[in-house]
Structure formats: structure tokens, C-alpha cells
Amino acid sequence: VNIASTEPFAGLMPTHQSIGQFEEGLAKDDPAISAGMLYAYAALAAKVPYVNFTPSTTVDIPALMEFADVQGVVIAGKDGKTGQTLYKTVLAPMFQLRNLRVSGWYSTNLLGNDDGYVLSDPAHLQQKVASKLEALAPILGYDDVDHQVDIHYYAPRGDAKEAWDVIDFVGWLGAKMSMRVNWLGQDSILAAPLVVDLARLVWFAQQRGERGPATQLSAFFKTPLNTREHNFFEQTRNLMMYCDSASRRNGGD
Amino acid sequence: VNIASTEPFAGLMPTHQSIGQFEEGLAKDDPAISAGMLYAYAALAAKVPYVNFTPSTTVDIPALMEFADVQGVVIAGKDGKTGQTLYKTVLAPMFQLRNLRVSGWYSTNLLGNDDGYVLSDPAHLQQKVASKLEALAPILGYDDVDHQVDIHYYAPRGDAKEAWDVIDFVGWLGAKMSMRVNWLGQDSILAAPLVVDLARLVWFAQQRGERGPATQLSAFFKTPLNTREHNFFEQTRNLMMYCDSASRRNGGD
Amino acid sequence: VNIASTEPFAGLMPTHQSIGQFEEGLAKDDPAISAGMLYAYAALAAKVPYVNFTPSTTVDIPALMEFADVQGVVIAGKDGKTGQTLYKTVLAPMFQLRNLRVSGWYSTNLLGNDDGYVLSDPAHLQQKVASKLEALAPILGYDDVDHQVDIHYYAPRGDAKEAWDVIDFVGWLGAKMSMRVNWLGQDSILAAPLVVDLARLVWFAQQRGERGPATQLSAFFKTPLNTREHNFFEQTRNLMMYCDSASRRNGGD
Amino acid sequence: VNIASTEPFAGLMPTHQSIGQFEEGLAKDDPAISAGMLYAYAALAAKVPYVNFTPSTTVDIPALMEFADVQGVVIAGKDGKTGQTLYKTVLAPMFQLRNLRVSGWYSTNLLGNDDGYVLSDPAHLQQKVASKLEALAPILGYDDVDHQVDIHYYAPRGDAKEAWDVIDFVGWLGAKMSMRVNWLGQDSILAAPLVVDLARLVWFAQQRGERGPATQLSAFFKTPLNTREHNFFEQTRNLMMYCDSASRRNGGD
């Protein structure tokens, strides 16, 4: 399970396109291969299931997706959904189901630990913000929303994480309304049990003979691999149905 | 559809117990029969579907439940879920699914119109608060939550409605975290489309030969009749499944 | 310095009117004499300066005001200004100086310790709320404000204290605007240095030969004795001027 | 009175250093002379008092300060204090006077009109943020505060302006506390009466024979010219004392 700080990513290079090219790149220390990709490669080579709990680009390049398939290894990711994106994917379905048109969603985040410090570098920040921006449009079904996500390193917050959201929405007859959310969370505390569950669930999937992206684990991630399902309740239902089905096949409970 | 201001309720009386006793009470102008009950009785007598969009006790007394069944009339209620309880029944499932223990939920409401003014009378207020307190425990699965709901008539808010919530929750290793929500809604604007949908849906149900409490409409209400399902996403799924099934039987879409 | 929990008060009785009647009451254990009054009386009898840091009615009855004067003892109070009322008396002058008309100010408080528990009894609560309601009108210069103050015992808050305020104000051409404040304080931590300063300042005043209510200490209290000055900056200026003047007379700095 | 949108500023150039160099620059259309400077120059040339209500660099360059003095014209500025900075300079003195150490102050702003749109260009934004960052340290008396100011163009907010602040402060024994403020203002409505008052007050000062920066008007500005006084109550007191003194000299009231 990758839980290192967010790495920058300069875009897909030829090295990332196939496992052949990737291994050539390895041989000549190609700088396009990040530390995160190396760890992912090592896991796959050892046939150990791999989870990317960060927004870094690691296993989610064509070369390693191909390698995971070849090796018959389960992979999952990416970017653990622990705070703002969690409640965003919970509230957005409410607006969608009640036909309340979301016109804007401004999100800011304050964090004061080393993860936050790394994100004060714009190259690292970009990966994180991209991951956080993705969830809204697929749930709402439209993308003309003024959706903004900000992340700030703010020393007094320490290991805790604070988020603030303003949501503007429009009701019948064009009536304007709004909602604000203020979240005071402990990121590591929220992440730890998810990491434990993920470790068990990818192991379980591997035992069952699955390979490649474990889409049944989308509820755990901000940017789930190989699925556009972001609605937290649909994601959770998918996981429940997967568990039911798996336990029936196993003749157990 | 009853959208009058909240009425006080002094508890179940003999008059409320059966349709026979209720009609005796009618004959002698029993004060235990409220205006809201009278309207509900009239609708049922005319075999017109009846919806209670308020927290008042009207059709939900044994006498009128029995009468709805006898008359073959569809009824629904009660208390439209338009603001604070809507997002409460959206957020509470998130805490439950992530195994975050809710230790307290303080909710306050400010409203400045006549509905708010009526609620500044404690007898009226009690009905409303009871309705708002009900949703949490069935979703969370435990009731040792310091759950408080306040409603205040606050003149400057006018027709709008403001709500503020503090949610305290506990994560792994007992770590304390919290979330705050501030809602600025337009109650009538939020209620109107629901009232229109309800009018269509009870009519549709009546045409299909249903009678009594329409539990498929629980997503619309703070205190749905004859069901303990408060999770907004489960409620919505029930409605979707009902619609699918009804449309299949009708051979339509 | 009285820092006990808030006591209820049933109104002025004959026993409270003069020191003579008070001492008669003492002799016959008159229940109109509260524990707080007894402590205040004992301090005055011993010629020790007395500070009431609570909203209880203690030294602020005619009998004990008279006794303080007779004994030549400095008294101060009442109700330490540590949180919501502190910032209220800081923000209200801003609105007044900018000619922004305050139309409503809703304040709610959550506290989870024994002080909060005592206040969940309405008789105790009334004293506290009265003390908190007093500050606004004298600063604004008008009293047609929908000013509401709520206090709730909310167990998850523990020793901390949370406050939330909504302030509605009206600008040029009747434009409606609003401000919200959310305060997360530690009441004892905020009170302790004030208690220490007060102990020194009443002792200093006593040494200088002052007697009766120390109006120069109004900045410390929600309901300062014998003055209607609630603006925190005017109060602080009064204290500064008092200190300057006292130090000049003492030939010191 | 300059109320145009914020202009970018590339730093002081030789052209800005003296009125002689400035007029040479004028003759050859030097691009270092902004539109705002041109208007200011025109006002001074016509001996009309000039107010800069924006954060743009206009009259506050050595050349035009000199010119104002030569021409005997009153000038005032800069950047009207209407919202977030207003309450910041009201709350900061409270923390300072109560000896509560401010460790961080995060401020974000959302505005959706053309002023906001102009600020979405980083060159323009820089001037505005610099102006907003200035007020805190001079009031608190120390500058090791994690003070951050953000401004965002957020279309759904329209002509209104929203601000949100988190203030972290430390009390006795290092206890950590915090305060949050959410402001929903109408910028133009808040600015208009200040503009009218400023027009009158600079005219009045000009009539009295004053010239150059009117420091008595510091209460109106985020970055008052020629003074480090940012505390709103001290600023207001200075204005009151100025008015008293002026009216005494005029023998009027």
C-alpha cells in the first residue's frame, strides 16, 4: 500500500506505454520512472497485490496495468477518500436526486503536516487537486459547475485537516440557495482503518483469482481505477454486492 | 395535501381509536378532533388520496388509518423532508458506513415567517421537534447520541430558513473529530416540487388499486408512515424500484 | 473571587434591601440568602476585596453594596467576559461606527462540563442568559434588535466551549447582509488569567483607598457593576487611563 | 475618487521618482505610467483632492506625493476597508488586548463580479493580496503569524462578496483555541457611503488648508498612507479627535 507523499507527474512518456518499454527504462535509469512506479513494479514482480492510497501516478500507467494483468495481480487505487471528497460524494447525490442544480462548489483545505508541506510545491499540488476535482461532474450529470479546490499548508493545523466548502444550488423558479460545510478531521486516523481493510480485500480478491483493477473497491478512492462511479452509496452497494456474491460462492457467510 | 402550520397534539384519546368513535366525536364536536384531522377525514370520505406534508397528527391516528383502509384510499406522510433532516439522513449513512461513531449532533434552525412564528409556541414546537429527532438512531443503529434539535423564530430570516449543525464523531483509537453544516434554504421553494410530485404519485398509486400508507414515498418525509427506513439513499432506491416495477407491470416505461 | 456555578435568583426580597435586614435574615437562616451572598458577606466582613466572576446575584444587592461601602471594601463584577460576549462587545462597536444597522443577533452556546450541566436547569439558565443579553443595546444605541441567546449542555464538548452567532445587518438602501462567527474556546483557560489580574487589581484599588464597585474593571465583565459601558475598547481605554493616572499619582510607571 | 478595478504594478521605476521625471515620462508616453496615475496627476494638476479607494499604486509614488505637496492638494488612500479587513482590524485588537497569541489567520474571499474577474489575473491579484496582508502585524505587535489571504473569482456569488476566516490563537499554558468568521457582504453597498464621506472629508480638509496625505482618514483604508495605525478603534478615535479639534477651531459643531 503506497501512502507516501504526493509525487509530481509530468505526463505520459513512451517509457510508460508498455511493460517492455518500462523495463528498458529501468535498465537505463529513466527519470520518467518515479519512486512510486518502482515500488509498484516491485510489488507486481513479486506477485503481491498493490494499492495506491495517494494521488501519485504509479500503477495507473499502461505499462504497469499491462504488467498487473500479465502477472495476475490485483491492483487498487487511487487516493484514499477520507474527508472532503468523502462528504462531497455523499452530498452531491442528494442534490442530484432532489433535482437541485449545483451552480458552484468552492472547496478549501488546510493541513499543517509534512503532507501539506509537500503540497505547497505547485508541481505536487497539481496531482492532488486534479484528483479532488474529478468526483463532481460524474455524479451530477453535468459539468457547468464553478468547481474549485484549494489546498493550503497552514502550520497551526498540525496533523489535523480542516476543510471548508461553499455549495451554491438553484431550486424551483431559479431560487438561489447555499450550504456550507466545515470539517475538522484527523487524516491519519481516518485513513488507517481503510488501509487495513484494503490490505485484506485485495488479498481476498487475489486468492479468488482476480487480476487487475479491483473496481469493487471504488468506495475507498477519490479516483477509482477503471470506473466512473463516484457516488459513495452506489460504490458501497457495489462492495456489498461483491461481498455477498463472493461469500455465496465460497459457501460461507 | 396538508401544508398548514403545525398543530399541537395532546396525545391519543378514545375518540382517535376507531372510525366509529371518531364519527361519534364528530357528531358532538369533540375538541380532540383537530382541524387537520377533519380535512383528512373529508378527503378519505370523498375517496381522494391524502398527503400530510406537516408534522401535525392528522391521518396517523388509528381511526383514520382504519378509515383509509376501509375506503381504499392511499395516504402518505408525514412532514416534508426539505432541509436539515434531508441532509441529516444523507450524512448519517456516511458515518455509519465508515464506522465513525457519532457521539453528538446538535441542530438549530432559524426561520422568520408565520410557520416559524407558530413554532415559537411550545405546544406547536413539540410536534415539530419530535419529528426532527426521529431520523438519526434508526440510521446509525444506536441511540446513545447527544442529539438535540432547536427551532427559533428569528424575524430577520424572513421566508428563508437557516440551519446549523455540529456533528461530533469518534474514529479509530478514540480520536475525536467534528463537522459543521450551515444551510441557507428557501423552504417553500424546496417544498413545492415535492408537493407536486406527491400529488402525482399518490394519484398514480390510487389508480393502481393501492390503499393505506404509501411506504414507497418515504424519501419525501421526516417521519414516514409505517416504515423505519430513514436513510435517504435507501428510501430513494425503494421509490426507484417501485417505479420500475410499476412501469413493467403497466407494460410502459 | 467567586467562580462557583451559576445560582438561581428569585428576585429582590426585603432581606436583600439593607445590611440591617440582611443580618436579621442571617440570624434566622433566611433561604433568600444564597451561598454566594454568604461568601460575599464574609469577604466584606473581613475587609477583603470581593470579585464576582459569575452571573449569580451575590454582592449586587442593596444590602451588600451598602455593606461594601460601610466597610470600605472594593468590589467588582459580574460574570467574566471570556468568549461570546467578549467578541460581541468587540464586533457591535464596528457595526455602530460604520452605521450598519443590526436587525438580529442569534447566539447559541454549547458546553459539556459541570457548569453547562447546571445551566441545563432553567432556573440557573435564566441568570446566565440575562447576563448575556445585556451588552448589545447599550453599544448599538437602539434595542429593536432580534437578540437571542441560547445555552445548551452538550456532553461531547467536554471542558471546551463552542459558540455560534448569526448577525444580520442592513446597509445603504436597505441592503441585507450577514456575518457568522464560530468560536471554539477553552473557558477555564480564558478565565484563569483574568481572575489573576482581577485579584491584583482589586487589591491595588483597595490599597489606594477606593471602596465599592470598581468601574475601571468593566472590561473584565459581561455585566459590569454601576456602569453601562459595554464597548470593549472603551472599557479597555478606561482601564488604561485609570492605570496611567494611578501610576502618575504613585510617582511610578 | 478612484474606484476602478485593481491595476497591476511592476515596481517603482525612475519615472515614478520625482514630478520632473514623471512629466518627462508623460511626454513620451512611458508605459510605467498607469491609467490610475494619469487620473491622479490630472486631479492634482487641477488642485482637486484625490482619494484612492483601490489597492492600485497611483498617487502613492514619490513623484505624485511630491506633486500633491507642491500643489497644496489633500490626498487619501488606499483601498477601502469594507469587509474582511474591516473585521480583521476589529478582532485583532481583541486578541492583542487579552494577550491571546495569534498563531495563524487564514482568510479566503469569493467574489463573482468584474472586480473579482480582474483579480483572477495573478498580476492584478498580487496588489490586492499585498494590501490585505498588511494590517495584522502592526496591530498584534509581532509577525510570526501564519497569515494567508486568498481571493477567488467565483461566479455564483455575483455582486455579493463572501469571506471566511480561520483564526488560531493560544492562551494560558499553551492551550490552543480557534475562531471562524463567515461574512456575506455587498461590497458596493458597503463602499458607497464611505466614498461619499471621503469626498466630503477631503474637501473639508482642503478648505482648512491641509495638504498631502490625510492620515486622519486611516479608518477608511486597508493601507492608510503615511501611518502604521491599523487598529480600527484607534483609527476611528483619531478621526473623532480630528473632527472635534477642527470644529472647535471653526467655532462650530
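Lettered A, B, C and D in written order, each chain numbered from 1.
Heads up, the rule we're going with is that contacts are C-beta pairs under 8 Å (C-beta built on N, C-alpha and C of every residue); 3 or more make two chains touch, one makes a residue touch a chain.
Note that the structure is a prediction, hence the values are computed from the model and not measured.
Look at the CA centroids: the one farthest from the centroid of chain A belongs to C.
Annotation: 37 Å between the Cα-based centres of chain C and chain D. One finds 43 Å separating the Cα centroids of chain B and chain C. Distance between chain centres (mean CA atoms), chain B to chain D: 52 Å. Taken residue by residue, chain B touches two or more other chains at 180, 182, whereas all remaining positions touch fewer. Under the stated contact rule, the graph of chain-to-chain touches is a ring, a single cycle where every chain has exactly two partners. Every residue of chain B that touches chain C in the complex is listed here, in rising order: 103-104, 106, 108, 110, 146, 148, 150, 152, 154-157, 162, 164, 166, 168, 176, 180, 182. Per the touch definition, chain B reaches chain A in the complex via residues 86-87, 90-91, 93-94, 97-100, 171-173, 175, 177-186, 189-190, 192-193, 219, 232-233, 236.
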